[in-house]
Every structure is written in structure tokens, then in C-alpha cells.
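Here come two complexes built around chain A, the first alongside chain B, the second alongside chain C.
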Partner chain A sequence: MSDVVAARDLSKWYGEVLGLNGFTATFGPGITGLVGPNGAGKSTLFKILIGQLRSDKGDVRLLAEDPWNNVPLKRRFGYCPEHNQVYGWMTATRFVETLLRLDGLPAADARTKASDALELVGLTKAKDRPLRTYSRGMRQRAKLAQALAHDPEVLILDEPLSGADPIGRVQILRTISKYAREGGHVLMSTHVLYEIERVTENIVLIHNGKGIASGNLHAIRALIDKHPHAVRIDTPQPREVAQAVAGMDHVVGIEMSTADGLLVRTRQPDAFYRELPEIVVDHGLDVRGLESPDDSLEAVFRYLVG
Partner chain B sequence: MSISLPTYTRRETPLLGRRDRLRTIVSTGLRREFKRPAAIFTIGVGTAITTITAIFFVLFAPFLLQGQPLDLRFFYLPASNLAVLFFVTLMASVVGAGLIADDLDSMALTLYLSRPITPSDYLIAKAAILAALISMISVLPLFITPLLGLLLGLFPWDTALAAMGLAVVVGSVLTAWYTSIALFLSSLTRRKSYAAAGVFGVTFGLWIPAQVLAAPTALNSPDLLYLAPWEDFLAIARGAYGVAGGPIDWPVALAILVAITVLAGLATYLRMRAVEVVTG
Partner chain C sequence: MAFAQTLGKSWVVTLLTVRYLLSTRRVIAMALFAVVPVLLAGSLALARVRTFDILLFQVLMVPLFLQVVLIFVTLVNATALIREEIDDNTLPYLLTRPIGKPAIVVSKYVGYLGTVLILLIPSVVLAYVITEAYSGVPIGSDADVLGGFLAVTVLGSAAYGALFLFISVLLRKPLAVGLMIGFLWESVVGSIPGNVPKLSIIYYLRSILKGTIEIGPLTGFPTDVSAGLAAAILVLLSVAFLVAAMFVFQQNEFRQKA
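Showing the complex of A and B:
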């Protein structure tokens, strides 16, 4: 299957401010996370994808089509904007229904689909309340409902977890996962790093308008060979373990982080994991657990942006 | 023996056309305005005052125009009512100024344009919302006046009918001008107060200086009145109802108002086509 999104050398200026700077990346099927700090260019990229911003340079395709002024393409995606201002006087039902009517759905179908979508995001009980009475998390869910109510092929979600309460976050992630399992594609931007790991390993990292890495989270991490890989060792004998692993050629640093553990940095994680059991046995050490904090997306991102 | 498998085709939900989608924006917009106290006040009070004064003109027509025949020219009186000018301007400010600016500010435009509608669809729907509300002040009272006059037997039916038709035409020119200008100003800013001030500025900021400067005691140049939209409208109304005199010619005034209406509409259309919904 062709890429859901293909962007090549995409640039966008806001006057003298650079929104995107030669962004190049492809987003495949399933869920892809677009990760970057505020101002990195995530929203700019999404606005270009939905045809509401025109790139100054480069080429972009959504579902193999140019999104700028492409009205028929709008039926094929659902968009959940980042901003939290919606028509507060509307009930959630009316809000979703109105946007479905703009898709061309007859009134009865729009009402049914709105009700279904609100049920999917867990807003059935509150669906007849005005949106101004909603919490921020509930509004996020209402926006998600309008994005997926018309059964789009692609969901484009700009910071869907922003401001959501814990229950709302779970509900949103559950909805996104269900949608993807049923064959939909999701592009989701966030800076809530640990939560995107729950739904996907496919990520695109963006910083200062540039795509700095894309692919599988672990594959990206493996590419960063110039950065030492950190391994946290849980042991009641941190000093003894430190002395034992210090002799390994590829170990470049050891931190005695806590009384019952230490953090080892190695340039060859594969060799480290292969050799450690032998060292533990030879020295009669008590090692109770290993954990790699580098598996977290945050660590990858921190490394990549320096 | 052969067995053929049944074939199935997926039944797609039939999608409604452009007109239905536009109607959705219009009904949503009108519903919203009828929930806003400022809009309710303007619609209610504006319609009431202009209509009541129009009825007043009809009831007291024989006293107001003593010695003059009650013909088509009489209907220039309700058309030139200053309450019409004030409330139409107020309506364009209160309702029109926010129609696009509010959507830009709240990013509702993002949601609208993420649906299969074009910027021109959006603009046409917004214009329909404003035009419908302005018409309640610019057309309705002018239409009711001859209707009431006819029902009371003050005017012959042919005069009343002609006056009703002219009310629609004359009122529509004013409606179109205000709709076009208000939407143009609204599309330029995210702050509706700026657009509202612009509507008042264009109306009274041109009318008052033009009157002052055109006076015999100042420049004594009636042509300056062409700069004032209200004076242009009055000239058109005079021409339509057959009122003689007046400082400026109605064909030129009509050309000016129509040209500005078309230009402002075109400019708004081009602006909406090019509008890039920048994240706030």
C-alpha cells in the first residue's frame, strides 16, 4: 500500500518565521505519532495536510492527492484541531451533527452517526449538554467524535490528549486504537510522549520544522549509535556491580543513581546484554533487574535534538 | 451444473448536495444569532422601530403630506427614515462584523473548512445569514408600508403593488451593500470590534464629512455626497419612487453602490480563497 502521507522538502514561512523547514517524511498505514516540542511545526504540517495552509516549497500528498483546495479529499479524512474553542452554545450532539451535515449527510443519518460517535468516545450521558459546560477533556472527546463520525480513511489529530483528564486520555487512546484496528489510519501529534508509546511505535520526530527521524521507535534508537545506550541495573550491590562492568570496553559511563541501583552507559548495548550474565555469575553478584530508560520516546527525542 | 455466487454491492449513504450543506451553515448561523442578546436586541428593536415608524407614516400620511397627492412618491418617506440607516448599520456591526472574524478567532473556520465545502460556499452562507437579518430592517418596513396603505384603502392597488416591488429592489441594494462591506471588513480581522468600528466608520465617517463639505457654506460641491453610501441610497430611492430634485443623480449613485458591493464581495471571496488558517 502506498504511503498515507508523503512530504518532500516541505517549507512554510509565516512572514520571517519558519514554520516548516524542508520537512521530508512518509507516514505509513496504521497509527503514526508526530512528536515534537511546541513550535516544532506539527500543527503547520497538519494544516498543510488538510489543505488549510499552502506550503511555500516542496511537495505533499495525503492519500496520494494534493490537499490544497482539494474539496473531495475532505470527505476522506477527519480532523481534530488542537485549539479548544468550539461553539459553546451548541450541545455535543448538535455540534457533531452540524459538521456531519456539512459532509452532506441527511439529517436522520447525521443524528444517528453523531450519537454513535459520541457513544464511542464515552460522551453519551453528556451529549445533550452545551459544550461550554464540558471540561477540557470532554471537549477533546467531542472534537474526536466529529473527526471520526463520518467514517474517514484517515484521522488527523492535533494534540488530542492536550488537557484531557486521565479518564479522557484512556478513552481517547482506546478510541484511536479501535479505529486503527478496524483499518483506519491515524496521524497524531503530541508531546505527551509516554502516552503515544501506548498506541504506536511508528513515529516521526520533528524539531524546528525539520523531520529529524522517522520509523520504528526502537529502530530510531538503534540508529543513534553516537549516543551511549543507558541501562539501569537494579541491585543491592551497586558498587560491586559498577566495578565489574567498568572493565567492559564499550562501557563509557556509570552513575550511582540510587542506593539500590546504578545506571550504566554503553556504546554496544547488544554486547553489554550478552556479556553481563557471565560477569554476574563470575563475580557472584546479585542483580535483580535490568531496565533501559532509553526505550522511552522522551530519551530518543532528547538525544536527537541534542 | 454450475453454481453462481450471489454478488453484493455496498450501499453507500447518499450524500446531499451543496445547497443542503449551505443551508446547514445558514441555519447554524441564524440559530447562533438568535441566542446572542446583542443580536436579539438589534433584530428586535431595529425591526420594531423601523416598522412602527413606517406604520406611523402610513397612518399620518394625510397630515404629513398635506396638499400632496398620496402617490408613489410618498414611499420615499419611510425609505429615507434615519432609523433605517442607524439600525442597518447597527445590524451590520453587531451581526456582520463577527460572522467571519469570530470564526477566525475561535478557529471554527478550521472545522468548517475541514469539511467538503469551499471558501465560496462558506462566504455565500455567511452572506445569506447577514442579508436575511438586514432585510428585516431595510426591506420589511418599506414593504409593509404600502401593504398597510393598501389594506387601509389609502393607496390604489397599482401604486401599492409598485411600491412593494420597489421596496424589495431598493431595500435589496442597501442590504447587498451592507452585507458585502460588513463581510469584507469581518474577513480582515480576528477582532469583530475592529470590523464593527469599520462598518460605522464607513457609514458615518463618510456621510457626516460629505454633508458638511458639500454644504453651500463649505465647498458647495454636491458631488461630494456620492462618497456617502447613505446619500447614494437616498438618491436611488428618490429615483425609484419618482421624487424630483435631490443633490445627486440616482444612476451614478446606483453605479457607485453596485460597484462597491461587487468589489467588496470579490475582495472577500479572494481573501477567503487565499485564507490560511494559521494556528493561534
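Showing the complex of A and C:
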């Protein structure tokens, strides 16, 4: 199969600020992670791919087509934006169903597929609640549902795990993996390398609007293992969570920064993300969200960029 | 088949727009504004004002309804159609669907028009009925007055809506410019001599009233434009602004707020 995305010398200016700076890369079939710190140009690239922005220079193709004002192409991809805004007054069912109607599905089919998509992302019980009552993680899952409900060829996911709770993260990653196993292609951006690791070995690194490396994840990961990975946990029970995670032997530091969260540093982030949900459930803890400052990734980029 | 599909999708956007405009807290303020003519007519009737009749109704409805209520309701709703979706970061959900940008603009405009007319027409009709009932005349006695004000409500909503929609896709802060046009230009331009008043929407709305109402103070409006011609001009203006909005929207990029 030809490349899902082919970008050549792509540049985009926001006034005097350079969003993309001669970005050149290709994304093949399967799951590809676009990894870079905040402000690297990940969202800019995705917005060009979905036709929301137009490049100032260079060339880009999504499924071998120019995405700008390309109405038929929009049937072939699903997009999950980074921000958390949705039509808050709608229920999740109505939200997904309405967007499926805009994909051309008749009302009855849209209803069925909306229900299936919400079940896939684990929102069956909450599907008839207004979206404004959803937690951040639930909104992420609702956004994912609307992105994949119409069976697109490609999913373009901008920071899909941002702010999601541990259960939500597992659900989202499981959904992405299942989608890819069934033949779909996924472009997924993140500023946390270890999020990508759960689902793929193919990554493209972006920094200051440029593609700086692409290929196998493990070689790149080895570069940052010497740096502890920071994870911020949002919880109304910081002391209890701190006590629970202190028992993990790869945790090297815990900072109780605020009354509603704590910062954990770990030498084995994959083990941390894998073990945390079980600890949360076993101790009956209330964890509202996980976020990763990109300190470790900055170290990698400093190494790669020089 | 493709055309039927586009129509179907456009209808979905139209319904989405109507639900959106009627579901936010803004609709409460709009509804309160819209019933001002009813409240005024009711107050005059309750206070048993001797001079309250269909002539006074005409005199009050121009400054109150045409120049305040109509402009305010159309301005707030039309500028929200696209600009609020941009500011609320919900526009990508529509832009990433297989429906053309011009179709989105037209569909939202139709939804706007339906919503605004739902708010305004009952108010005009009810204010008229209260006036006639208080005067003790049959409801249909001054059907020309009711017809005239219904016509300007529909055509004014269409024209102002298209204008404000165009401004909102062109500018980041459309409300300020819309307020200046709606409450400054439209009020002041009538007193400028020559043909300058013809550069306002209110001129053609008042020409329609002059042409449709047989007896009353509004028949003295200085215009050489017939009601039919005024209506045609307003329709043309609506179409022109709508097409301009479609063109600008098609070419625009949309950067989301962080």
C-alpha cells in the first residue's frame, strides 16, 4: 500500500511564528505515532491533513489526495481534535448520531452505528447523558467514538490520551489497537513517548516544525531511559495515592505539589502505566486524570537536535 | 442522488443550528426581547390609554420593533452561527464531514431564519391582536398593517441575517461592527439627504410598510421605491450577502483557540 500520508517540505506560518518548517515525512499503514513536545507542530500538521488549514509551502497528501476543500476525502478519515470542546448540550448518542447523518447515513443506521461506537469506547452506560456532564476522559472517548463511527480508512487522533483517567486510557488504547487490527490506519500525536509504545513501534519525531527522526521506537526509547519520567496525577486523595504508588520499586520520587494532585517520577513509565489501574482499583482510589510533562522528551530532542 | 444526499446533510446542519440557537441561555434574552411589542401593547391596553389604536401601534412598532428588536435579535443570532462555533472549537466537527463549506453556511442561515421567525412572528401577531381587541374592532380590520409588519419581519430577518452572517465570517469580532451598522448606521442614515438612505436596509423595510399599509402615519415615509421593488431589493441583498459569506467561508482557514 502507498503511504497514508506523504508530506514534502511542508511549511506553515502563523504571522511571524513558524508552525511547520519544511516538514518532510511519510506515514505508512498501521499505527504511526507523531511524537513531539508541545508547540512542535503536531496539531498544525493534523489540521493541514484534515483541510482546516492550508500549507503556505510544500506539498501534502492524505490517502494520495490534496486535503484542502476536498469534500469526498472527508468520508475516508475520522478526526479527534486535541481540545476538549464538544456540543455540551447534546447527549453522546445524539452527538455521534448527528455527525453520522452528516456522513450520509440514514437516521436508523446512524442510530445503530452511534450505539455501536459508544459501546466500543465504553460509554454505553453514559450515552444518554449530556456531554457537558462528562469528565475529561469521557469526552475523549466520545470524541473518539465520533471519529471512528463511520468506519473511516484513517483515524487522525490529536493527543487522544490527554487528561484521560487510567481506565479511560486503557479503553482508548484498546479501541485504537482493535481498529488497527481490523485494517484501519491510525495517525496519533502525543508528547509522551510511552503512550505510543503501548500500540505501535512506528514513530515520527517532530520538533520546532521539522521532522527530525522516524522509525523504530525502541532505539529512540533507549535514549531516554536514563531520565526519570514525570507523571502528574489529578486526585482529591493525593496522600492516599502517594502511599499506594510509593510501593512501586521503579518510582524514584513523589512531589505533593497541590491539594488536588501529585507528581510522580518513575524510571519505568511503561510498568507504571501498566500497574497503576490495578493499584487504583485495589485501593479504591479516586484518580481523575493523568498527564505527563514532557521533560524526558525534551532531553531526547536536545540529544537528537544537538 | 448526490444532490439529494447534500440536501439531507444540509437539513441535519439546519436542525443542529436551530437546536443550538434555542438551547443556549441566549434564547431566554432573545425571547424577552422579542416579546417587548406584546408587553408594550398589553401595558397600553391595561392602562386603558385612550389613544391606543392601530395608528399608535404603527407609530410605536417602527422605532421599537424594526429599529431595536429586529436588529438586536438578528444580530445576536446571525453572528453566533459561525463565529461561536469557531470560538467554542466545535467547527472542526462540521468541517471534517463530507459536506461542502458553502452548504454549511446556507444550512446554518436557514436554521437561523427559522429560529428568528419562531421568536418574532408570534410577537408581532399577538401585539396586533391585543391592539385590535382593545380598540374593539374585528381582528382582520387592519390586515394590511399586520401583513406589512409580517413582511418586514421576514424580509428584515433575511437581509439583516445575511449581512451579519457575512460580517461574522469576515471579522473576528463581528458583534462590535454589527452593533455599529445596526444601531448607528441604520438609525442615522435616514436623516442624510439625497439617495444615501437607500444604502440602508431600514429604508426598504419602511418602503414596504408605506406600500402595504393603506392608512396611517407610515404612509408618509418619503420614498420613490414601491413595496414590490423594495422587497425584491431586500431579497437580492440577502442573496448577495449570503453568497459573499459562502465565498469567504470557503477560502478561510480556521485556527482553533488554544
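Going forward, the second predicted complex is superposed on the first by the 219 of 306 C-alpha atoms of A that agree within 3 Å, B and C clash if a C-alpha of one lies under 4 Å from a C-alpha of the other, contacts with A are read in each partner's own complex, and residues count from 1 in each chain.
As a working rule, a contact is a pair of C-beta atoms (placed from the backbone, for glycine too) under 8 Å apart; a residue touches a chain by one contact, two chains touch by 3 or more.
Everything numeric in this text was worked out from a predicted model, so none of it was measured.
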item	value
Combined model on chain A: chain C and chain B, fit or clash	clash
Which of chain B and chain C A:Asp109 touches, first, second, both or neither	first
Which superposed partner A:Arg54 touches (first chain B, second chain C, both, neither)	both
Touched partner set for A:Pro37, first chain B, second chain C, both or neither	neither
Which superposed partner A:Thr98 touches (first chain B, second chain C, both, neither)	both
Doubly contacted residues of chain A, that is, touched by chain B and again by chain C	14, 47, 50-54, 69, 71-72, 74-75, 77-79, 81, 83, 85-87, 89, 98-99, 101-104, 146
Touching residues on chain C, where the partner in the complex is chain A	5, 8-9, 12-13, 16, 19-20, 23-24, 88-90, 92-101, 250, 253-258
Residue ranges of chain A in contact with chain B within the complex	14, 43-44, 47, 50-54, 69, 71-72, 74-75, 77-79, 81-83, 85-87, 89, 98-99, 101-106, 109, 146
In the complex, chain B residues that touch chain A	13-17, 20-21, 24-25, 28, 32, 35, 105-108, 110-118, 273, 276-280
Of chain A, residues touching chain C in the complex	14, 47, 50-54, 69, 71-72, 74-75, 77-79, 81, 83, 85-87, 89, 98-99, 101-104, 146
